Structure formats: structure tokens, C-alpha cells
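Chain nomenclature is as follows: A, B and C, assigned in order of appearance, with residue numbering initiated at 1 for each chain independently.
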């Protein structure tokens, strides 16, 4: 029983990270109709920035800040430098460009930093807080949860209540009409990429310290999990990403706890197949024309 | 100009077979001119071509991308290896049976994945197949009693058949087998695409709703296309296993899967000849780069090893998509067209749009 | 005096045969000009070219004497050229209020006032301000599209087939609003319509487009009375 509670708690924290990462995918999918297969690679670049800055200055927080900045810059550069070439009539070209980017970023990191796993440290205790004799969450898990909730709330405010958010939503749903109304759509698309890249980087930054360590491929499985979350929740639905993140996070935590961490990739695969077979529009999305 | 009007995508069967036979003879004759290492590389190209031809037909005809063809190759490889080890006899009959088992296994896995994702439009197939490659090592270690984890499965050494031992070396024999098997796969794919089913695939790709309204079961067409593509990849894996006498998850990584995509894209999406060119490039370029960096200090060489080739391929992928979305083959065709004035040009073309998947005449 | 919107020698083509050929068009300030013609005559393409959604091959577009060459889609509305596209372009996922706000996001602090004016003009919208676009009826959508364009306080309004798919009563109401806006506020309207009778009834001037060329340009009442032209190009 105690073990179950602990696994649920850890799963919640993991799920929050997955939700953030999936949210970043949803942001770009809504804004540009591209699934950013390079999001993991972009986030791992930011994480290396954090690692280097933290090693140089000794401050985790400076590293975090630098990584978020780098994430934003990278999002800007990728959208302006690479994704602009994506054909509007072929959804494939965006995927292929993103794959090219994955190869470039990961191999460049491999050349600069080598293939070794570098452990990342965080200024938090990672032993679980015990409440009433039951181990719940570690302080780091708590920190992750708080950050995730704050970021999601901030995004909700941005999209619901600001002029920029309104423009971004309008541009995502009806780009041509939005242009006629004076919305600079190419600019809102860029903002979407920057935001998404920052959020994706944050997710990787929060996750890598709890995994094997930093390596050019450290986010490969994060991407697959994030994609699964986005599919479970519905690629169009930010709320779906949130709920999907928690569902997948908890499910994977239970699999890890009861069946072993080695089974997680298979469990993800099974979940993905089942969701696509049974509820292709996602568990939570308003049924949109995914089955064209 | 032939007298009979043909719909795009249709091709005379006889011509296909003759062209295939021609290429096969050229490749087989070529094995005599190559040294053992080149023959080994030729066998690799042939094995990769099974997978890339399957992939390019999938992309060209249905507009869907698979990022997991390496995993489907692995399925074919495991099917081949396990069957070979289970059979009480060896030689060519065992090879054929094991090959069929490998194809069957990859087709079944492909069918299952296709049912889940290929019916859907959008990036779902790409994401699902990526999840498959990522999960491959976990699958191998979870069922390690059969699949032997990271070690993989070895098969007994099978040399050149007795009658040929004086004439051909082992590598040449392997290359010849690979070429013959690949020729069968590529020919089947070409016939499949050139026939009625190919027309259906094109109809579904160009306008799924219109295709459905004309009574084409779009979902089933896409699932079958993916299944056929998976089976082709499975043959590639089986051939690779035959050449390497082993199959292990370490050979079928995400990186290798993306390399197959690179081959298909730089060759020109939808073009089988392009897939062949692309397969040559993904075999030769890493080897060339490896030769260039081998003189560097050990540390630098270790970091560049593999990574530099991937970097070049990534840049190539982005450049091709940005500059010449029809790839090498498309660029060649376009060039030929510019220099032949008698090809009729479309007069009133609608607004210039970048179409990723080439039209039939560009293949 | 030159017209507020002045089009000269406008030619648009996608490589082969031109869709619009040497079109000249004048829309004087404060007037309603009806652009009529059969389906495929080039009305929508003309409007889309005026908004820069379609690139022109040759010719010039002047708004209030200023050449619009090189001015982007997004900036034309800031210059005073508002465009209500074919099919109305209501963003179905956004609420009525959000759609209206979207119409004037680039405006200064007076945007709230502009939105409120629209609510005053179109009563039904005020009652449904928190409903999503997809919950509206066809007439309400047209009101919303029109109102959203008015939030930009345009000098020239381009309207593409506003009456399409609407009940005659609603069409009459919308045409009435246009006429009164032109008379009251001096709004200038270029109205592309297949509903020739309705369009010519509120317009000052009529331009007939046939296969991409201007075949007639006359005061609206003369055009409505010209039987030969009606038979040849307008089908009634």
C-alpha cells in the first residue's frame, strides 16, 4: 500500500513533466500543424547549456535560466532557419525537416561533448518526504510539480486573457482570416515555436536529473513518451496534454514499480497502439477529423 | 509514344519485368568485378534497398512516413534467424523457409501497426513507428530467453554451396543472394504500385475523401500499403541477418531508422531508383568519412566516428527538403526534362505550390 | 477628383491564361460599388488581389492616392482596407466577443468602443457575445463578419458574397445596414455579389466582370435596366 502511494506520487511528478513536454508539442501542432519530432533534440541542447553554465558558475538557477534562454533562441532559429522551408501542402516535409534537425543537433552534441552520460545534480533532496509513516514525494518531485503547475497556469492565462494569446489562437485556427484582420501570423507562429521550445526545454531540464544522466540521446524516450501523451490527450488539446501526462506518468510509474523499468518502452508502445486502435481522436479531445 | 492511353501509375508488366531482369543481370555480373569488401558493401546496399524501396513506396503512394523501418527489418531478421536455428536442415531450402518466416513476421507486425496508425491521416504512423524502434531493445531483453537480449541471435555459418565454391568467394556469394532476393522484392513492389492497387493508393493519397466517394476503401488501402512496405523491410532484415550471421537490437537503432529515411528523401520520395541511389549513399558515405577520420587522434576520431556522418546526413536532409524536395532522382529527371524540348509542359498550372511527393511522371 | 480606391490595368494569372485581365475599377469615397458577374468571372480573385492574398502580375492599386504595391496583407487593413472573405471567415472556435476583438487588436485604446458600436449596430450579436462562432446561425455569422471588419474602422470595405446562403429577409437587412453606413458614416464598399438584384439595389455604381475582364461599368440603376447585358452576363 505504501509502495502504491509512493509510486502514485512519483508518477504524478513524472506526469507533470510529460504533460509539459506534450504541451510543447501541442503548441506547435496547433500553431503550425507540424509535430515537432526535433523537440527532444532541441531540449537536450538546452539541457547541455544548463549543464555547462551550472558547471561554470556553480549555480543551478543560473543554468536553468540560461537553458530557458537558449531554448527560446533555438526555437526562434529553428522556425526561421529550418521550418520555414516546410511545404504548407505536405505535412510530411515538416516531419522530415525535423528529423534532419534531430540528426544535426544530436551528432553535433556527440562531437562536442562525447557519448558519456553526465550526471546532473539538483539543489534538492531526492529522498521522499514521509507523511504519517507513508513515503510520498521527494522535495525535488514537489519542486517539479510546482513548476509544472505554474507554467501551465501561465500558459492558460496567456492564451485565455491576453491579446497575444487571442492572436495565436486565431492564427492557429484560421491563418488567412487572421491575416486579413491584421494579425501578423508569421510572427505568432514564431512566438509559438519560441514558447514551445522553452517549455520543452524546461521539461527536459526537470526530467534529466532523475534519469541516467545527460547524453545526446537523453531525451529520445522523453519524446516518445511526450508524443504518446499528446496522442492520448489529443494533439489539439492542451487540457488533454495535461490529463494525458498524468495518466501516462502514473501508468509508467506503476509499470516501473511493479514490473521493472525495462518494460516501460513496451508499455508505452502498447498504450499507444491501444489508444490509436480504440480512441483515435484521443481520450479527451473534442472529436476532430483525425480520421480524415 | 505508345498507342494505348495509360493512367498514371500504370506500367506495362512486361516492361517492368524486363527492366528488373536487366538490372539484376548487371548487378550479378558486377559482383565478379568487385573485391570481397565491395561485394560486402553491395550486399548491404541490396539489403537496405529492400527496406528503402518499401519505405519509398509507402511515402510516395500513401503520403505516410514510417520512422520505424529499422525495427521492421529487425523483425524480419529475428524471424529469419529463429527459423534457421529451428530447422533441422540447412542449405537453400532452409534459407527460403527462413526468409519466408521473416517476411511473414514483419508483415504481421506491420499489419498490426498499420491497423493502429496507418488508417489515420497525420503524423501518427511516424510517431508510432518511432516508438517501436525505441522499444526494440526492451523487447529483446524482456523476451531474452528467445531473443537473447542485447546479444541477439546468431545463426550457424553457411558457406558457399559446394558447386560454386571454386568460382565465387563467400562475400560474392552473399552479394549475389542479396541481389537476387532484393530484385524479387523491388520487382514485386513495382508491380504492386503499377497495378490496380497502385492506382488506389494514389487516389487515396491525393484526395482521400474523393477516393472514398468513388468506393475505394481508403483505410484498408493504407493498411495494406504499410503491410507490404513492412514485409519488404523484413526481407531486408533477413538478408542482413544472412550476411552478418546474426541479428541484434544494437544494429537496428533509431539512428539507423532515420538513415533509411535519409536514403529515401535524398533519392527522391516515391522513386525506387532514388531509393537505390540513397541506399548506396548511406552505405558509402559513412565508410568514406570513417576513412577520412581514421588518421585523427583517438579521442577526436572516437567523437567524430558515426557522428560526423550523421551530421552530414542531417544537413543533407534539410538541404534537400529546402532546395530540391524531389531529391536526387527528381533533380536528374528535371534536368533531363529541361534539355528535352518535346516533352509537353503544362500550360495553365495552378498557383505554384511545393508538392513534396512527385507526380508519377517524375518517378 | 480621383476615387478612394483606384485600380488600373490589374492583371492576375497563374502562369498560363490570366484570371483577371487589365481590370480598371474606381470606387469613389462614400459610395457602394457592386461587382457582379457569373461564377468564375474573377470577383473573388479581384478582391483577394486587392488584399494581397493573391499576387498581381501587372497593374496598380491605389488607396486614397497611395500605391499599395509592397504593402502586406496585414498592413492593408491598417491602411483602411478591410476584407470580409468568401464564406465569412468567422473563427468558429472563438467566441463572438473574441472574434470582434480580433478585428481591432492592432488598434489603440478605442477598440473597446469600436466593439461596442458593433453590438449597438447588430443587436443579436450582443446577446450572444460569449457563444462560440460555430453556434451562430448563418445570418448571425454574416453580421459578425461584417461587424468584425467594422471594428477596424475601415475606409474601404471589401465584401465577398455576403448574401450567399442567407434568407432573403436577412439579405435585405444586411444590404440595408450597408446602405445606411455608407450614407451615415461615409463608408466606402466594394460588394462582390452573385445576387445581382440585391447588390444593384443598394449600390451606386455597378461593374460587370466577365471571364476576368470588365465588360460594363455604369450607374447601378442603368445596369439593372439594361436587358441585353442582363441576359448576356447576369443571367436574369
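Everything that follows uses one rule, which is that contacts are C-beta pairs under 8 Å (C-beta built on N, C-alpha and C of every residue); 3 or more make two chains touch, one makes a residue touch a chain.
For clarity, every value in this text was computed on a predicted model and none was experimentally measured.
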item	value
Chain occupying the middle, per Cα centroid	A
Reference subunit B; chain at largest CA-centroid distance	C
Inter-chain pair with the most contacting C-beta pairs	A-B
Averaged-CA centre spacing for the pair subunit C and subunit A, given as whole angstrom	44
Distance between chain centroids, defined by C-alpha means - subunit A, subunit B (Å)	31
Distance between chain centroids, defined by C-alpha means - subunit B, subunit C (Å)	53
In the complex, subunit B residues that touch subunit A	59, 63-65, 67, 112-113, 115-117, 119-124, 126-128, 130-132, 134-135, 137-139, 141-142, 208-209, 254-255, 258, 261-262, 265, 269, 302-304, 306-311, 313-318, 321-322, 325, 353-357
Touching residues on subunit A, where the partner in the complex is subunit B	35, 37, 82, 85-93, 95-97, 99-108, 110-112, 114-115, 217, 220-221, 223-224, 227-228, 231, 235, 262-266, 268-269, 272-273, 276-277, 280, 290-292
Footprint of subunit C on subunit A - complex, ascending	163, 166-167, 169-170, 173-174, 176-185
Subunit C residues touching subunit A - in the complex, by the definition given at the top	51, 53, 73-75, 77-78, 82-83, 85, 89, 91-94, 98, 101-103, 105-106, 148, 152
